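As written, the chain order gives the labels A, B, C, D and E, with residue 1 at the start of each chain.
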Amino acid sequence: MTSVSGPLLKVNNLQVDFGSGDTVTHAVNDISFQIRDGETVAIVGESGSGKSVTALSLTRLLPTPPAHYVGGEILFNGRNTLALSENDLRKVRGKQIAYIFQEPGTSLNPVFTIEYQIAEAIQLHRPDVTDVRAEAIRALDLVGIRNPAQRLGDYPHQLSGGMQQRVMIAMALACQPKLLVADEPTTALDVTIQKQIMDLLRDIKVKTGMSIMLITHNFGIIADIADRVVVMFRGKIVEDGPTGEVLRHPKHPYTRALIDCVPKLGAKQRRLRAIDHAEIEASA
Amino acid sequence: MKTYILRRLLLMIPMLLGVSLLVFVLVYISPGNYLDALKAQRDIPAEFIAKKERELGLDRPWYVQYVSWLGRTVRGDFGESWSYRIPVAELLAQRAPATLALSLTSLVFAWAIAVPLGVFAAVYRNSIFDKLSALSAYAALSIPEFFLALLAVIFASQWGVFPTGGLSSIDHDYLSPVGQLWDYVHHLILPTIVLGIGGAAGLMRVMRTNMLDVIQSEYVMTARAKGVPENVIMFRHVLRNAINPLVTSLGFAFSGLLSGAVLVENVMNYPGLGQLIFQAFMRKDRDVVMAAVIIGSSMLIIGNLIADILLAWVDPRIRYDK
Amino acid sequence: MTSDLLHQILRRRAGAFCLVVLILFYVAAFFAPLLAPYATSDQDLTKTYHPPTGVVWQEGRLAVRLYKLVDPTCAKYEAEPGQFAPIHFWVKAPTYHFLGFIPVSHRLFGVEAPARLYLLGSDETGRDVFSRLLYGSRVSLTIGLIGILITTVIGLTVGGLAGYFGGVFDSVAMRGTELIMAIPGLYLIIALRAALAKYFDDSDQIFILIVVILSFIGWAGTARVIRGLTLSLRNRPFIYAAEALGQGPVTILWKHLFPNLFSYLIVTSMLSIPGYILGEAALSFLGIGIQEPSTSWGLMLSQVQDLKVFMLNFWWLLTPGLAIFITVILFNVLGDVVRDIVDPKLKTQV
Amino acid sequence: MPSLRLTVLNSLFRGVAITLAALLIPACSPRQKLKREFPPLPKDVDIITKPPGRYGGIYINVDPGGGPNTFNYLVAEDATSMGAIGTVLEGLVRRNSLTEEIIPGLAKSWEVSPDNKTYTFHLREGVKWSDGAPFSADDVVFTFACIYDERFPNRHASDYSIDGKPFKVEKMDNLTVRFITPDIYAPFLEMVGGGPILPKHALQKFADNGTLMKAWNIGTHPREIVSTGMFRIASFKPGERLVYEPNPHYWRADNTGQRLPYLDLYITKFVRDQNASLAAFATGQSDSEGITPDNVEWVRRGEKAHNYTVHERGPSTVCNFLWFNQNPEKDKSGKPFVEPYKLKWFQDVRFRQAVSHGINREGIIKGVLFGRGTPLWGPETPANTKWFNPDLQKYPYSPEKARELLKLAGFRWNEAGELFDSAENRVSFTLNTNQENPIRQHMATVFKENMKDLGIEVKLQLLDFGTFVKKIGESYDYECGMLGLTGGGDPVGGMSVYLSSGRMHEWYPNQKKPATAWEARIDELMMKQLKTLNLAERKKYWFEVQRIMSEQLPFIYLITPNSYEGVKNRWENVEIPKSGGITWNLDEYYLK
Amino acid sequence: MNAPATPLLQVENLKVHFPITAGLLQRRIGEVKAVDDVSFTIERGTTVGLVGESGSGKTTIGRALIRLVNPTGGTIRYNGKDITFLRESQFRPYRKKIQIIFQDPYNSLNPRLTIFKIISEALEIHFPALGLEQRRARVAELLGKVGLKPEHMDRYPHEFSGGQRQRIGIARALAVEPEFIVCDEPVSALDVSVQAQIVNLLQDLQEELGLTYLFIAHDLAVVEHISDFVLVMNQGKIVEAATAEAIYQNPQDPYTKRLLDAVPKI
């Protein structure tokens, strides 16, 4: 099943449109990138740059309509997910590619317990597991939740935001996916919690060796965790390279502007550089 | 939770006092009284009417009447029906089961129709089925309940398959137990449909909107991302959340168990509480009216409480008084 | 905002259709004295339960068939072959005062007496159902609008003030609304009707009474919802911004809060108008609504309680029911369209 | 996935189909056979003259009255309750509805003393209550003791009194009772003799402890309600039905010794309105039904299918009339009840006669009642054959005559045809009536249009019954009223209407002394008819009252709808009287 | 006496508590100490940064200063005058001097009003003498100041991007010519590039108009960038207060350290 040769994920000339007729927008416009086994790739860009659409497109999670997969292919383990049947796709979702989202508070179903929500994923994708509860406890334990057995009976709202995100991660990890897609996983959290979650992700990556696709706009996090950075601007990829390289020597003016406009701790500037979008558009 | 419920129940007392005072005054200031029907008969002497007025206490100022009524009611005595000459509690107890049965069957009917239809309309959104059900829901909501009841009566009397009214057949007492049960059911069918159809349409629309709302929520996306099959998503993740507001509506349904069928009972000639109470209002049989109002109000208040409790029950996010 | 909304409604097929038909209804109601061939009380005891007169094209003009009463015991009429009465347009009629002050002495169309033009048949005393339907629509169509106006004004005042100021006023106002909402609606309506009837004893005033009663029941719910919305709006930063600027509470309510309730109000208004129409119909049906000699759809419909209407097939007496049905559907659909436009998240009420 | 959805849909439809099928297959069940008891006949059994019938059959009657409120004679105030009580409790005498004669009831015979004040009743020997207890003079004495008892205020006490003085009721022996009236009381036999006799043995205890008014209510067990009538109560379901079964001790039998009634069961089903009872009859679910004129035609269409016949009974006893308020007094604030200038019109007999001429009674009958009605000219309708005076002044529809009379009375018209009185007041008044009665509403709207033709403006004001009663009976602040009274029976029932001091002397009630000569004359005649037992003489007095009423028109009589009765053809011995219920001789009914 | 020595704002022992009620009679059983005994001063013309995680009470302090919530105890001195418990009418003059900018650019502008009306409202209240034309001119000027065009004034808020709306919010605050502005997380909801523009704008305005800011944020880098002096809040209390440099280079309080430590660095 696992192809040793090629990358885990290869996106070729993907194009996703929203709407139809006069009001069509190209949310993702002819992009190509790849993620190798065990690699952490960050996709960075401002809101509306198409990074979330890219992430959700991997397993066709965008509702159609309004979204339309217009062109390109997404090769996961050599298979094009855009061409899979709904049934086969379901075997990829969760099992091969797992997701965590920005708002853990609304991403967990409020009326089911933690146990149910984790167990559901396990039962779906690992029918061989007999003691589902034990497995769920193990998953919670893995994400650093203390007293996992007691937490199982809790409802999402009884947990703090950080804990909720840990549960989301536990749920994602429960089926041992090949690729974890983390869509701005810490944006809604306080910095101290953000650090914990990022530390956790780094740990897990080391432990499980899975690939991570991290969607963020925070360069600090990128520097911290990502192996490679993909910069998106208005639906297109403007730069793609190893993290250190990109951060130190951004090639594209947009990347440079994006890095420059962030105030840096302990390095007080007189003025922040703002991005002149029109100028970048013109240069691109 | 316990203190919360207790507190809400205690709040009922001033509320019921206010309600009773309001209705008592309304009944008092409306022209005429229970004796109007007597006054309009030509062979009733004036002295007898005066005597009756004294006997019923109608000659006293309203606040005296109210206080004496209140005193009795607080002691659990709803008084006596002037036209039936039996204790009001007994009178209402005679009629309550019929109304209760009708309310419950129509509730079940409404739910049995509304939930599946609503779910299917949402699942097959914008399909012919969705459009047809939306259309029939509009129709059901737009036809006056009493008019529908009237049409049902006409239909029954023309077609002859369903009885034209009543609770049981004339030969009811001479039927076997199974026959008697069937007899009750047979008489319930038309009123149930008439009373339930409006509710079904409303519930269906709510169900559909809720489903569509929930379908767009992020946790449904999460479930999809987990690879949960679509039908499980719909019937477990979505339905369970979408039905919550409906479950709480059961509390409000409780409010109407005894007072929600007045129009239908009257038009369809179904001998329940609604008919009795409507007549009591028309005849100004005061103690019956007051008892009906007190019971109706209590059920409304308790129904609201039940709705709140149900809400906490179905939605783990809501807790009172932690 | 309003013109924008109108534009949006007209862009949707269902919305445009409903709006146009409703406007036609209102125009017809407004010009009822002109459009109706007869006054509401014009009787013809020799033509009771007359079926709708057939309209034909005869000798180059519109004409109505003439009918003969063949069996007075069951009001059976038969068209007399070859007998017609031409329809005249802009015919002379007894002078009446349109809108109470414009004297008009013509009607749009009619036939010469003793022939009668019954587009929708006649009722028990030979009155023209079509004319009565037109006049009756004035009651049925305005009752919702006026009722909504009253409940909205009261609801906004009470709910807005309660939500904004909170405290004692809030408690008193909310206990008041709870009190009204704690009485089963129909009971309260009947009790109010009986208690207040003596102050509105003229048949025209009964209309006002019904509106007052229905509004009295309705304002409590509106006030509570508006209070809730006010409470949540009150925590929106733009309200804080206005407070921080030193804006007075009344101005904040008027300028910042109420306009933001507009979309909610327009949707609930649309969706609750049917309640008033059906409420009037139900009361009139029970005999405690609009009274003769006034007319309303509900009152007209109460005639069909009589079995003979069905058994002798006086189907045209059911037209007020159809009118109610259509109007209510139109309002419901339009309400939903408006809701979809201004606030799709607004829940449909159970 | 689509397949799953289909499966769910499929099972849903199947479920619905099965449920529907289950509901539509009527459940069959055997009907139990009635067991009859045959205790011996009483010695003074009443043998009917008709040929004997045979036992069996259920007679079903649907009553739109909504059911009895009580079975207690002292409490009953409405017709349905009185009807139920009359079915189980017999009076000393009965009335043959067909011949309108007084015939023996629980008393086999009676005598009246020469001074016409003492009545002696001889009770039937051997009559038993339905529970087997013997019926005796004690029951009669007990009944009247209860009626006159101050603790039990009831409407009968004053009916059974003259000038507030009760009758003396004495037990002579076990089977003989004597009544002594303080003055001559013309309708004694019908009113008092026909009143039901209560069972002393069953009710004594309630009378003793003062709870008699609460006894025999709708919650009482049927067996406790003992009977002397043709039926006793088998079961009662409030709001639903009342089931009677034959009284095993009934005192009538046919000439073969078969005890009446022949019926196995008599069931009255209660419904809310006339429509429902009509529908029941027209679909063959009941055995008889009173039919209003407007429904006759379509009900007749079912005669063949359901094997019934609609019989015409002629004019009904409902008397519809309108009147002008002629009360010249003032209210507490000194404001006259009626504007003085209007009072002047109302007191002018020519005005009233003009109005009467202006009413299109034939039109109402033809249009509203499908030709099935009768114009009225006086207080009695032709249904009351015994007391109806056909020779009255009539006011046929004639706008010309009306105009003449108005002109004579000093009224005149302007160019627009509007009527003014001599003092230039526009003739305009408000007609009040209650809103509950549709036919009356139609008459009101027709009246309004008729008056418009005369140039008179009538405003119509339909009121709640309570408000209306208050206006005409207490506050007197109205101009014109319309009412319907169910008449019939003895003129004594009209005392409160025709006496000028009467409570229901609507045009000017509770007068200290008669305001006009003709009212004084009516007072005199009414008192005279009350105090003679001579039928011819009473008729003469009452006919004159009717004549005066028709000439002076304090009440302007309108119309009475004709009355129709549908009865299933399967019954023998159906005898439909001109007025009153058709089941008066139900004990003689049997299946053909 | 020594006028320049009086700080613009002195806060001493400020407490803001919210009651918790429970039980049958809804008796008060305790309180949330949103702000618990907090003291600090703000000098004229400086920016004081206030950082803390969600729920630390930083927003409540900001709102207490402009009286959107009522303080429970302590004193707030503005220009040396105690304004803690003034009645609304007495506080009115201070509303001209103290203004606020909100976090959420979507909710802080009334969607039913045009930009002109939103900004002009402040003018109507505090400069009632201005006529319509003068007000329009002033609004145009204010829009120019925050980098918008005068023709924007007749549009509605929904026609603007988040950054533009935040500019409008700033223009509204500036309309009354305030001395002191509470910036309540003004850039938290914005994209990084827009954030930079707004921060720059705030700094420019401070320079031009001599404004004093209380800058509330949870992003330590932004706070460091803009502030002269920084307050660190945790659970209703100020755990550390020092100059920006001192805090970032040499944090004293363990919480501050933890906070700084958590920030990922490029």
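What we mean here is this: contacts are C-beta pairs under 8 Å (C-beta built on N, C-alpha and C of every residue); 3 or more make two chains touch, one makes a residue touch a chain.
Small disclaimer: the values here were computed from a predicted structure and weren't measured.
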| item | value |
| --- | --- |
| Contact-graph separation of subunit D and subunit E, given in steps at minimum | 2 |
| Path length in the contact graph (subunit A to subunit E, fewest steps) | 1 |
| Chain whose Cα centroid lies at the greatest distance from that of subunit C | A |
| C-D against C-E, pair bridged by the larger set of C-beta contacts | C-D |
| Central chain (by mean CA position) | B |
| Whole-Å separation of chain centres (CA-atom averages), subunit B against subunit E | 54 |
| Centre-to-centre distance between subunit C and subunit B (centres being mean Cα positions), rounded to whole Å | 26 |
| Whole-Å gap between the CA centroids of subunit A and subunit C | 56 |
| Multi-chain contact residues (two or more partners), subunit C | 194, 197-198, 305, 307 |
| Per-residue overlap in subunit A, given as positions that touch at least 2 other chains | 86 |
| Touch list for subunit C against partner subunit D, complex | 41-48, 72-75, 124-126, 194, 197-198, 201-203, 287-288, 291-293, 303, 305-308, 311-312 |
| Contact set on subunit C toward subunit E in their complex | 1, 236-238, 240-247, 255-256, 259-260, 262 |
| In the complex with subunit C, residue positions of subunit B that touch it | 14-16, 18-19, 22-23, 25-27, 29-31, 138-139, 141-147, 150, 154, 157-158, 202-203, 205-206, 209-210, 213, 245-246, 249, 252, 255-256, 259-260, 262-263, 266-267, 277-278, 281, 284, 289, 292-293, 296-297, 300-301 |
| In the complex with subunit A, residue positions of subunit B that touch it | 217-219, 221-230, 237, 240-241, 244, 314-317 |
| Contacting residues of subunit A [partner subunit B, same complex] | 59, 61, 86, 90-95, 98-99, 101, 103, 106-112, 120-121, 124-125, 155, 157-158, 168, 171 |
